[in-house]
Amino acid sequence: GSEGGTAAAPATTPAATAAAPTELTVFAAASLTETFTELGKTFEAAHPGTTVKFNFGSSATLATQITQGAPADVFAAASPATMKTVTDAGLATAPTVFVKNKLQIAVPPDNPAKVESLKDLTDPEVKVALCAEQVPCGAAAVKALDAAGLKVTPVTLEQDVKATLTKVELGEVDAALVYQTDVIASAGKVTGIAFPEADQAINDYPIAALSKAPAADLAKQFVDLVLSQQGKDVLTKAGFEAP
Amino acid sequence: MTLTAALRLTRPNFRLDLDLEVAPGEVVALLGPNGAGKTTALRLLAGLTRLTEGHITLDDQPLHDLPVEKRPIGMVFQDYLLFPHLSALDNVAFGLRCQGTGKAESRRRAFEWLARVGLEDHANVRPRQLSGGQAQRVALARALVIDPRLLLLDEPLAALDAHTRLEIRSHLRRHLADFDGATVLVTHDPLDAMVLADRLIVIERGQVVQEGVPADVARRPRTDYVARLVGLNLYRGTAAGHHIKVDDILFTVTEHLEGPAFLVFAPSAVALYRTRPDGSPRNLWQATIDGVERHGDNMRIHLDGPISAAADITPAAVAELDLTPGQTVWASIKATETHAYPA
Amino acid sequence: MTLTAALRLTRPNFRLDLDLEVAPGEVVALLGPNGAGKTTALRLLAGLTRLTEGHITLDDQPLHDLPVEKRPIGMVFQDYLLFPHLSALDNVAFGLRCQGTGKAESRRRAFEWLARVGLEDHANVRPRQLSGGQAQRVALARALVIDPRLLLLDEPLAALDAHTRLEIRSHLRRHLADFDGATVLVTHDPLDAMVLADRLIVIERGQVVQEGVPADVARRPRTDYVARLVGLNLYRGTAAGHHIKVDDILFTVTEHLEGPAFLVFAPSAVALYRTRPDGSPRNLWQATIDGVERHGDNMRIHLDGPISAAADITPAAVAELDLTPGQTVWASIKATETHAYPA
Amino acid sequence: MAGTGREAVAGRLPWVLVVPAGLGLLFLVLPLAGLLVRAPWATLGERLVEPEVLEALRLSLVTATVATGICLVLGVPLAWCLARLSFPGRRVVRALVTVPLVLPPVVGGVALLLVLGRRGLVGQWLDSAFGITLPFTTAGVVVAEAFVAMPFLVISVEGALRAADLRFEEAAATLGASRWVVFRRVTLPLIAPGIVAGAVLCWARALGEFGATITFAGNFPGQTQTMPLAVYLALETEPEAAIVLSLVLLAVSVIILASLRDRWVNSP
Amino acid sequence: MAGTGREAVAGRLPWVLVVPAGLGLLFLVLPLAGLLVRAPWATLGERLVEPEVLEALRLSLVTATVATGICLVLGVPLAWCLARLSFPGRRVVRALVTVPLVLPPVVGGVALLLVLGRRGLVGQWLDSAFGITLPFTTAGVVVAEAFVAMPFLVISVEGALRAADLRFEEAAATLGASRWVVFRRVTLPLIAPGIVAGAVLCWARALGEFGATITFAGNFPGQTQTMPLAVYLALETEPEAAIVLSLVLLAVSVIILASLRDRWVNSP
C-alpha cells in the first residue's frame, strides 16, 4: 500500500482516489512500448492487486500532458530534452538515465546501394533518410555525422525513428540512420550496419518518478524495477544498451 | 372594418402604393396585368416582404409588426409550395399541428378538408406524385383548414380544369360566404373575380387604377387592361350632350354627358361593311384590318385606323366579306349598343 | 405524317393508353381533367418518362429510343422551370447554345424572342425576380427559339393575365401557323384549345374519350367532362325517330335517330317556370333547385330531379321567380334548341 | 449498362465525366489494394480475437458516434444561424468555424489541454466546481473527436441550407409555424441529405481522429485508446499488425456506412 | 439585433437553436483562445521572418490548392456518377469512397507507398517507364493531401446533387443539352454552394494534413515540409514555437477562407 494524493496535488476524482493505492500510471516514450509492457506485467506479478496503466506516445506530447496536469506517476522519456521540460516545471527531480540507444545504418536486406559505412551515405546516388534534428534520433545522427566529419544530404527528415525505418523497409530509401533497437525489432526486414562513430552519438533515456505522483510509492518501486538487473535484461534483449 | 392596410414598397424598378380596406366577410379581388404587384401586395400582407412604409391593421390590431407566423392568415401560393417531404394529408395538417392541435385530431380535420376538395384518395400521396391541379387543391385545403382571419389567395384556381374549377369555385364561394374574416384574392380570370369577389381592385404598375363592385367594373372599365379583361372596346373622348368625340370620330350615344368621358361597346356589336353603308347606324368609321383570329364560335377582327377596335363576326360573314389583313372596311355601331360615362 | 405515337404507361395507380397522330403543321390539344395523364403524355413524348410499351415516330424516325436531348423537341413546363442562375436572356439562349450557335448570335436571337413576348426590359433579370406570368413567357420563348420539330406545351398560357394571354395566344397562333412541325398542347382552357388547336383529344383517366375538330367536339360532347368544358347539358338516352328517352323524360328533337343517342342543350336555352307552363315547348320536366350562383352577367341555376341540368337566367328573372335552393320548378327547352346525335 | 436513377430514357454516357470519376475512384481505392496485398492474412483471425483490439474498436465506434451526436446537436443549429440569421460579425464567425479544420490535430489537442485540461482556463474551474476532469478519460476522447470533426458537419449543413429553397420556409411561416417549428418540420427534412452527408463526414473524421485524441486524452487501453491510437502503437512495434488493424477499422466503418447511408439517403 | 437575410419581418429568435449554436461556437473557439493566451507573442515577429517558416507556409498553400484542384477535377465527376447514374455495385463504390476518411493518415501514407512508392504496385512501373518517383517530392505531398481530402469533396458534392431539383436538368435536356452540357451549365451552377462547401472542407483538410504527407512524401524543408510538419517538429523541442506556427497557419487560412467564401457563397 501507499499514501494517497499529496496535499499539494489538486483533488483527484473520487474514482482516482479510491483506486490510487493499487494503480500505477506510467507515461513512456512509444519506443519503449514492448519492453515496458513486459516490465509492467512483471511489476503486476510482484505487486498482486496492482495494475499498471501505460500511456505510450511521443515524448514531447507526454511532457506537455504532464506539465498540463496529467495524473502520471512515472515518466520515461526518449530524450533528456523532453525530460528537462518536466523537471524545469518542477514536476520531477533527479531523473536517472536507464538505457542508451545507439545508431546503426539500416539498409534493405538486398542492400541495393551497397552501403557498407557511414561514408557511403554521402554518395548523392544513395537515397538517405534521417530523423529530423528536433527528435532524439535526428540529434544523434547529426552528432555522429559531425564526429565523422561527413555531410549527408538526406531526401527526408522524418518525424520519428519508426517512420524512418518504414522508408527503409519499403525500399523507398537505400539507407537510414536508426537505433539499434529498431533494427532488432524489425525482425529481419532491414539489415543493420554498425559504425564506429555511433559511440559519439548515444541517446540517453531518462526515467523519473513524478513529484506529484498520486501513487508515489508504486512509482518509486517501478523506477527501481526498471533500473534493476531484471529491467536491464529485458531492455538489453531489445537492443538497448545499459547506461 | 376588418382589414385596413396602406401598402407602400419601393424596389429599384418597381413602386407599390396600395390602400386596401376589406370588411369582415368581404372578398376583395386584386386584378392586374403580369408584374402589376399583386403577388407583392399579398406578400406584404403576409409579412413575407417588409413594408417600406405604411401599415396593416386587422381587427383593430396592428399586423405589420407581427412576424409572419403570428399573423392569423392563410395563404395559397401561386406555385403551391407543398412540402415535398410530407404527404398531402400531412401538408394539410401542418398548420393545425402548428396551432397545437393533436396529431389525430389534426389529421381528422385535414382529411375532412381533403375530402371537400375531392382528394380523399390522394391523402397519402407525396406532392411530387400529384398533378398540377391536384396540388393546387391541396394547397387550398392547407390554407383553409386553419381558419384564418385573413385569407390570401394567389390565383387559387389557375391550374384547375374547367370542371374542378367550377366545383372548387363553388366550394370556395360557400366557404367564403361562411367566412367572417377578410379575403384578398389575386386572379387573372375575370370570371373568377366576378363570381368570388364582392369588390374588385385593379392595379397596374403598382397603382390602383379602378375599384368597385364587379358588375360596375365590368360595365364601366376605366383602363385598357380592364376593358380587355371584360371584353369591351374602350375609348376616352370629350362629350357634349349625346355626342362624344374620340380622335376625329364623333360618336352618338344614348347618355347625356359633358366633358371628358369614356365610351365602350362590345366587339360583337360592331358591324363591318366592304363599302360605306347607308343604314341607320350613325357611328361609322373607316378602318384597316390588322388581324383575324378565331374567338369562340366567331372570328375576332382586329381593326386599325383612326381608332383601334375589335369586332366579332361569324365565320360565314368573314368568308362572305372576304376579309383579309390590310384591307379597308367600314365599321359601324348602333348608338344603343354603346355605353358612355364620365372619365 | 409527322408524328405517330402509341403511348402506353403503367403506374401502380394509373394506366395511360393514348394513340396520337399529328400531321405536319397540325396543332393537337390534349384536354382532360386534373390527373388525366396529360403531363405524363407530354413527358413520354419528350423522353423524360420511359414508355412501358409503344412507340413514337417523328418524320419516319423512331424517337422512343433517342435520349431526351437528341429529340428535336421544344417543351414548356407547367411550372416553367427557368434556370434560376441564368438571366431571362440566357435562359432563352440556352437551347441555341446547346445546338452550337455562337454566343453573340444566340443572345441576339434570344433577345428577339424576348421582345416578341414583350419582355425586352427584363432580359437581364433573374427568374426569381419575374412575376408568374413573366416567367411563363420566358419559358415559352425558351422553347420556341430552338425551332423544334415537335412542340410540347404544358398549359403554356395558364398563368398569363387576360390581356397578355390574348397577345401571347395570337403570337403563339401565328408562330404555330408558320410552324411546319407537330404541336401537342395541354390545356384546361377550352378557349385556348379552340383558338390554338386544329384537333382536340380529350382524355380521362389515361384513356381517350373523344377526339375531333374543336367545333365538332364543342357541338357534340361525348362525356360529362367535355360537356361541362363547352358549357352544355349532356344526356345519354335512347332515340326512336324524333324522340329521345332520357331516364323517364321523353325529349322531342329535330334530328331523326334510332338507338343510343346523346342529347345536348345550352343552359341559356333552358326556361324555368314556377307553375306548369302551357306553351309550345314540348320538352318539359319538374326539377328541384340545387344551387344558384353568379355566372357572368347571368345567374346559373343547378337543377336536380329526374335529370340534373344547369340553367342560365337573368338576375332579374331570379328575383322575379324568387328562386331559392330546395324549391321545385318546371324546366322546359324548345326542340329547336336541342341537338341530338348517335352515342 | 448504366442508366439514370429516374424514369428517363438514358442518353449516351458522358465520358468526360465518367473517365475522371473512374480515375478518382482508382486513386482512392488503389492504395487500399496495396494494403490488402501486403496484409498478413494469416494472422488476421488471431488479431481479431485479441481483446484489446475489440476493446479499441468498440471504443472507437462508441466515441465517434457520441461525438457525432454532439456535433449534430451543436453543429446543426450553428449552421442554421450562419445560413439564416444576419448579424454583425457573421463573416468572422463563419471563418472561425473553420479553425479546427486547419489546426494540426496535435496542436488542437494542446489547445484543448490549455483550455479544458486540469490546469486549463475552463478546466480548472470545471474541476474545482464539479470535480469534472476531461483529459485522459473516455469523455475526453469524445471532446477531442467532436472538436476536430464538428466543422465538417457545420460546413456541409450550411451549404445544404443555402441551397435549400427558402420559399418552403415562407409557406410554413404563413401556416403559423415559428422559426423553430419551421426548422424542425420543414428545413430539417428538406436538407436531410445534406445532414446525412455532413454526419458521415463527421463520423468518419472522428473515427479516424488521432492527433488531438492522443494529446488531449492520452493512450490508455480500454479507456482512451481508440483504433487509430492502437494502430499508431502497432506501427511502433509491428507494422504488419498496424495494417491489419487499419483494415479491420476500415471494414467495420465501410460496412456501417454502406448499410446506414443508403437507407438514409434514399428515404426522402 | 439579428434579423433574417430575406426581406421578411423578423420573428422572435428561436433560442432553442441559438443557444446550442452559441455553445457549439464556443466549443470551437475557446481552444483557440487558449492558444492565443499561451502564445509567445514576443517572438512572433522573429518567427515570421524565418525563411523556413515562410517557405513551409508557401508550400502548404500551394500544395493544398493544387490538391483541391485535383480533387475538384476527379471528385466532382465521381460525385455526379454516384448521385446520377445507377450501376451495379454503386453501394460498394459509395462505401469505398469513404475509405481514406477512416484510414489513419499514417496508414494511408503507408498504403500510398505500397502503391505509388519506388517499389510499389504502380510506382515501380511509373519509375521504370517514365522515371517518375513521387515520394520525397512536392508532387508526392499533393498526392498525399489529395488522397486524404478527396472524400470530403465527393461526399459534400454528392449530398448537394441529391438535394438538387432534378427537373431543371430535365428542362435542360429538352432544350438539347447533352448530359455533359446539363452538368456544366445547369447542375454545376445550381449546386455551386455545395461545391464551395466541399472545396473548403477539402482545402482545409489538405492544409492541415500531416500523417499521410510525412509518411508518403517525407519531410524536407522547401520541398515537402508543409506547415503541419514544421509544427509537429517544433512541438518536439519548443511547444511555444509550435503554437506560433499554428496560429500563423490559422490566421492565413482564416483570412483566405473568409475573403473567398463569402464572395463565392453569395454570388448565385
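Chains here go by letter, A, B, C, D and E, matching the order in which they are written, and residues are numbered from 1 within each.
One rule holds for everything that comes next: a residue touches a chain if its C-beta (ideal position, glycine included) is under 8 Å from a C-beta of that chain, and two chains touch if they have at least 3 such contacts.
Keep in mind it's a predicted model, so treat the numbers as computed, not measured.
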Intersection of the contact lists for chain C and chain D: B, E
Same or different residue numbers at the chain B/chain C copy interface, by half rule: same
Interchain centroid distance [CA atoms averaged], chain B/chain E, Å: 55
Between chain E and chain A, distance of the C-alpha-averaged centres to the nearest whole Å: 34
Centroid distance [mean C-alpha coordinates] between chain C and chain A, Å: 87
Contacts with 2+ other chains: residues of chain E: 8, 11-12, 106, 110, 113-114, 120, 170, 173, 178-179, 190, 232, 235, 239
Multi-partner residues of chain B (each touching 2 or more other chains): 47-48, 67-70
Chain A residues counted as touching two or more neighbouring chains: 61, 64, 166
Residues on chain C engaged by chain E in the complex (per definition of touch): 46-48, 67-71, 73-75, 77, 81, 83-86, 94-95, 97-99, 142-143, 146, 152
Residue numbers on chain E that touch chain C, as the complex places them: 167-168, 170-179, 181-182, 185-186, 189-190, 192, 268
List of chain D residues in touch with chain A within their complex: 106, 109-110, 113-114, 117-120, 124, 127-128, 131, 133, 135-136, 214-215, 218-221, 232-233, 235-237, 239
Chain E-facing residues of chain D, complex: 2-6, 8, 11-14, 16-21, 23-25, 27-35, 37-38, 73-75, 77-78, 80-81, 84-87, 91-108, 110-116, 120-122, 146-147, 150-152, 154-156, 158-160, 162-164, 166, 170, 173, 178-180, 183, 190-191, 193-194, 196-198, 200-201, 204-205, 207-208, 210-211, 227-228, 231-232, 235, 239, 242-243, 246, 249-250, 253-255, 257-258, 261-262, 265
Contact set on chain A toward chain D in their complex: 10-11, 13-14, 30-31, 33-34, 53-57, 61, 64-65, 68-71, 162, 166, 169, 185
